[in-house]
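Shared between the two complexes below is chain A, which has chain B as its partner in the first and chain C in the second.
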Partner chain A sequence: MDKKILLKVRNLTRVFGSKKKRVVAVKNVSFDIYENEIISIVGESGSGKTTTARMMLNLLKPTEGTIEIEGEDISNFRGKKKREYWRKVQGIFQDPFASFNQFFTVRKVLDDSFKLFDVQPSKEEKDKRIRKVLEYVNMRYEEVAEKYPFELSGGQRQRIMIARIFLIEPKLLIADEPTSMIDAVLRSSILELLLSLREREKSSIVFITHDLGLAYYVSDRILIMHNGELVEQGSADDIITNPQHPYTKKLIQDVPTLHQEWAL
Partner chain B sequence: MSGKKLLEVKDLYTYYQTRLGEKIKAVNGVSFELKEGEILGIAGESGCGKSTLGISISGLFPPPLKYGKGSVKLGDVELTNINHSKLRKEILGKKISFIPQSAMNALNPTLKVKRFIVDLVKEHEPNLSEDEIIKRAAERFESLSLPKRVLDAYALELSGGMKQRTIVVISTMMNPEVVIADEPTSALDVSSQKIVIKLIRQLFEEKIIKSVIFITHDLPILRHIATKIAVMYAGEFVEVGTMEQVIFDPVHPYSNALMNSIIVPEKGIKGKKLPSIPGAPPDPRLEIQGCRFADRCPLADDECRKAPIEMREAKGRLVRCIKV
Partner chain C sequence: MKTLKLLFTSKKFVFGLCLFLTLLFLGLLFPVFNHKDPLDLAGFMYQPPSKEFWLGTDNFGRDVLVELIHGLKTSMFIGLLAGTVATLIGVGIGLTAGYIGGWVDNLLNTITNIFLVVPPFVILILISVSLQNRSLGIMGLIIGITSWPWTARAVRAQATSLRVREHIDLAKISGMGTFEIMLREVLPYIMSYIFMAFVLQVASGILNEAGISMLGLGPSNIVSLGTMLSWALLFEAVRTGAWWAFIPPALTIAFITFSLLFMSTGMDEIFNPRLRS
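Up next, the complex of A and B:
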C-alpha cells in the first residue's frame, strides 16, 4: 500500500522571548503524517510537544521551518484559506471546559462549527447532522442541546467536543492529552470514539501525550520529544520493545508496568 | 509478615455539610486495619472519597468536613474526638504524618526549607536548639542521598520532583508510625515519580516510617509499592486484598473494570479490549438502599438493590458484592 503524506513538517523551530529570556521550545523538528494513520508525540512537561501541536493547528507561527498540508505551505494562509485549513485540521484538548465558551449552549457550539463550511447546509440539514453526531457519542439531543458547559461532566464535555469533530470531519485531528482528565473506566469509551474517526472518516490522528502506555495502545507510530527536539521516531512496537535513543530507553525504564519489575 | 497493629479504622462515616443544609456523604462506613510493615494503597477514581478518607483518618475535620460516626484508633488513642491542640502537639507530624495532595505547592515561598523543619521539630521537641535541628535535618538528607544545599534553598528554587521529595522528608522528620500520602506522585513526570517512590521505599526499609497509606488513582504505581490495596467506590471500600489479589485477580465487578482499564507500555496491551462502564457514580447526597455500583454493574439484579451489601470474604480477600 502506497501511503500518501498528509502533513509534512520540516525543520520546525519555535523560540519564545529574546536575548536572556530566549527559550527554544521546539528545535528543528521534522516528521510526516500519512493519511489514515495514528501517531503519538510523547514527551514530558516542557518537551515542546504542545508547542508543536499549536503550530500544526496554525494557532502559532513557527520561528523557522515549514508545515505543508497536501503539498501546500500553510504559513501564508489567510481568510478563506485559513478556514479551509481548519476544516481539514482540528484539535481537541485536555481540559474540555477551557474549550467551551461558557455562555454558549451545546447546540450553539455545534451550530457554529458549520461556519467553517464553504456551503452552508439548510437549517433542517444542520439539525439532522447535529442529532446524528450526538448519537455517535452516545448523547441524546433532547437532553444536552440546551445545556451550558458547566451543566455537563468532564466526560460529557469531552464527548461534545468529539461530536463537533465528527461534524467537521477533519482529515487530521490533533488530540492534546484528550483523556488525562477523565477517569480510567470512562477513558476507554472516549478512546474508542476517537479511534472510530479513522474508520469512519479515514482521518489521521495525532495524540499529544505524556502517557507512553496510551501512546503504545493507540498508535501506529510514536515520536519521542525531549527538550524541544525529536529524539526518536518509529513504529509503536519498535519504540517500546527496541528503543535506540538513551532518553527513550530511560523513559521506558521509568514507566511502571504490570509484569516487569520496576528497577527502583 | 504480621506486625503490630498501628491503626484501626472502624465503620467510619464522614460528610460535607453544605450551606444549603445538605449532607454530601463522602466516606460511608470504611473499616480497615494497618499493621507495621504494611503499605496500603487506596485506589479509586475522582470523587470516590479517597482524599476525604485520608483527611478523616488524620483526625482533622476542617469545615465543611464533618465527623459522622465510627472510630479511628491510633494505638489506644481515639482520634475522632481528640482535642485539637493535643492532636497537633502529640499526634500529627509525630505519630501520623498526613501529606495532602499538592502539598508541594503550598510551601511558603518566602521561607527557606530548613525553616519548615525547625518549625515542625520545635513543635514536638521544644528543648532542641535550632542548630541541633538543622544538623539533624542535614544528616537525614544525607542518609537519604539528597543534597544538603536544599535546606538553604527556597521552595521556588526546587524542581517539582525535588520539592515533593523535600515534602516527604520534612513530614517524616519525627519518624511517624503512619504516613498518609495523598497522590504524592500525580503532578510529576514519570522519572520524578520513580524517584519519589524510591524515597518512600527507602524510608520504609530504613525503618524511619512504619507504615504508609498511599492514596492514588495510579494503579501501575501501586503495583510496585503497595502490600495491600483497597478499591474505593462512592465512599465505600468494595474490595480489600493483597496487591497481587487486587491487581491480577480482582473479584468485585468494579475493581475488575478498573484493573482491566490499565494501559501500560508492555506487550499484549495493544489490541486489548478496554472495558467501558456506562453511567456515573451515584449522587453523594442520596440515601442508597442496596449496592452503590448496581446501576452500572453487568451482574446486578433486584437482589442487589434490596439491602445494604456487607463486606464478605471471597477468594481470600474482602469483597462488597453478593454476586461473586
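Up next, the complex of A and C:
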C-alpha cells in the first residue's frame, strides 16, 4: 500500500478506577489508519471499542501510549490545536437520542459545527451549506431545521449527525456503532450515507461494531478486539478466509450469513 | 417555554405564585399611596385595633399596619436578595465542581462541607454582631453567603451525572469551551432544579432574617417582620395581651413561606416525573 498514514496509534492503554475496581479497558493496542480507507473495529460488549474511540477523538486521555496525527502527538493539543484536530477527526455516537442537546434545534446543532472553522462563513454561506448537507442525507431544510430532537425519530437524528459530518468534512470519521440503535429497516440507508463520505470527501472511516458480517461488508481492513486487546488485524478478506486467532475463528462461526450474499 | 406552560397546569404552583405576587405587590405598592413613616410615633403604647389604627399600635405607639406593610417589603427584599445570592453562588460552585470534577471538585466539595457543618445561623450571628451598620443589602448578602451550600450540593450531583452524556462529547468535538459547555449543555438540563432551589432559598432567607432580627441583630433603623417580632418580645406584648403586635407579622411570615413552599411543591410534581423518565 502506498497510501499515507493518517493516524498512528501506538501501545494505547486505558485503565479505569484503582485497586479492586481497576479495569483495564484497553490494553497495549497499536494500529494505523491510512487515508481514504474504511476500517472496522469488531468486538463484543465491553471489549474496549468505545474507550478506544473516545481516546482517538481526544475526549479521553490514554493511561499509556500515544496517538499521532501527521506526526504530532495529540495529547499535547490545547485550544486552537485541539479544534484543528476536531476539524480533521470527527465522531458519530451510538445513541442518537443522547447525542443531542434537547433544548436546541437541528439548525443550531448544525450551526455549532462552524465553531471549528477558523474563518467563519457568512450567514448566507452557512445557510447554503446547511441546506446542501441536509439534501445529502435526504432531508428537507424546511421540514427539519426548526425541529427539536424529540420531534425526530432515531434514524432522522442519526442522519442529522451525518449531515453534521458532511458540513465539517473531516479526514477521519469515527463512527461508534452508529446503526445499533436504529430500526433494522433504516440501517442500510444510514450505512450507505456513511460510506458515501469516503467517495464524496475522500475521508477515512473507523467503523465500530460488534457485527463481523457488517464489518466484512463495509470495510477494507478489520481489527478484532477482545478483552481490551487487539487480537488480530488484517484485510477484510484475510480475516474472514484465513483467521489466525481462536477468538476470530469463534466470531466467524457465529455469523451464519457471512458466506451468503450480504443483503442490504 | 414548554416547561413554563406546564408549570401553570399545577394548581399548587399557581396558588403559591398568586399568593406570593399579591404579598409582593402589597409591599411594593402600598408605600406608594400611603406616605406614612412606619417609624412615626403616631399613638400611645399598645393601643388595640381601632378605626384610626386598624391593627393597633406597638410598644412605641407606632401604627402596626404601616409597619407591617413596610416590614413585608423589607422581608421580601432580603429574601429575594438572599435567594438570588445563594442560588448564584451555589450554582456557580456546584456546576464547576460537578462538571470539571477531579481536584477542583475535591477542593470545592471540602469548602462546601465546611459551610454545611458550621450552622449558617452561627456564622450569621457572628457577622451580624461584628457589623456596626446593618443595611438591608448587607443583611441579604450575608444570609445569601451563608446558605448556598445545599444548592451547591444539589447542583453538583446533577452536573456530575450530566457530564458523561453523549451530547457533552458532541459539544466538545464541536469545539466548545468548558465554560460554554457548562452554560449551554449542562445548565438548561438543571434549570428546573435551580428554580426550585431558588424558591426554597427565598423562603429560608426570609425565615433567617426573622430569626436574626428577633435576636435584635436585624437591619438597623428599618422595619422588618423580624424586628417587629423582636420588639414585641422585648416589650412583653405577649404578657400584656397585645396580640396585634405579634400575630400580624408572624402570620405574614407564615403566608410568604407557605406561598413559596406551595410553588416548590407544585414544581416538584411537574418536574420530577419528567426528569425521571
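Details
The definition used in the following text is that the second predicted complex is superposed on the first by the 256 of 264 C-alpha atoms of A that agree within 3 Å, B and C clash if a C-alpha of one lies under 4 Å from a C-alpha of the other, contacts with A are read in each partner's own complex, and residues count from 1 in each chain.
Basically, contacts are C-beta pairs under 8 Å (C-beta built on N, C-alpha and C of every residue); 3 or more make two chains touch, one makes a residue touch a chain.
As the structure is a prediction and not an experimental result, all values here were calculated from the model.
If you put the two complexes together on chain A, you find that chain B and chain C both fit without a clash. Between chain B and chain C, B touches the greater number of residues of chain A. Contacts of A:3 after superposition: neither chain B nor chain C is touched.
In the superposition on chain A, A:57 contacts chain C only, with no contact to chain B. With both structures placed on the common chain, the touch criterion links A:249 to neither chain B nor chain C. In the superposition on chain A, A:83 makes contact with chain C only, while chain B stays out of contact range. Once the two complexes are laid over each other on the shared chain, residue contacts for A:103 go to chain C alone; chain B is not touched.
By the touch criterion defined above, A:185 lies against chain B but remains apart from chain C after alignment on the C-alpha atoms of chain A. Shortest separation of chain B and chain C in the overlay equals 17 Å (C-alpha atoms, whole Å).
Of the residues of chain A, not a single one touches chain B in one of the two structures and chain C in the other.
Residues of chain B that touch chain A in their complex: 45-46, 189-191, 193-194, 197-198, 201, 217, 219-221, 223-224, 247-248, 257-258, 261-267, 269-270, 272, 274-277, 280. Of all the residues in chain C, the ones that touch chain A in their complex are 165-167, 169-176, 184-185, 188-189.
Residue ranges of chain A in contact with chain B, taken from their complex: 44-45, 153, 155, 183-189, 191-192, 210-217, 236-237, 240-241, 250-252, 254-262, 264.
Interface residues of chain A, counted against chain C in their complex, comprise 54, 57-59, 82-83, 86, 90-91, 93-95, 98-103, 112-113, 115-116.
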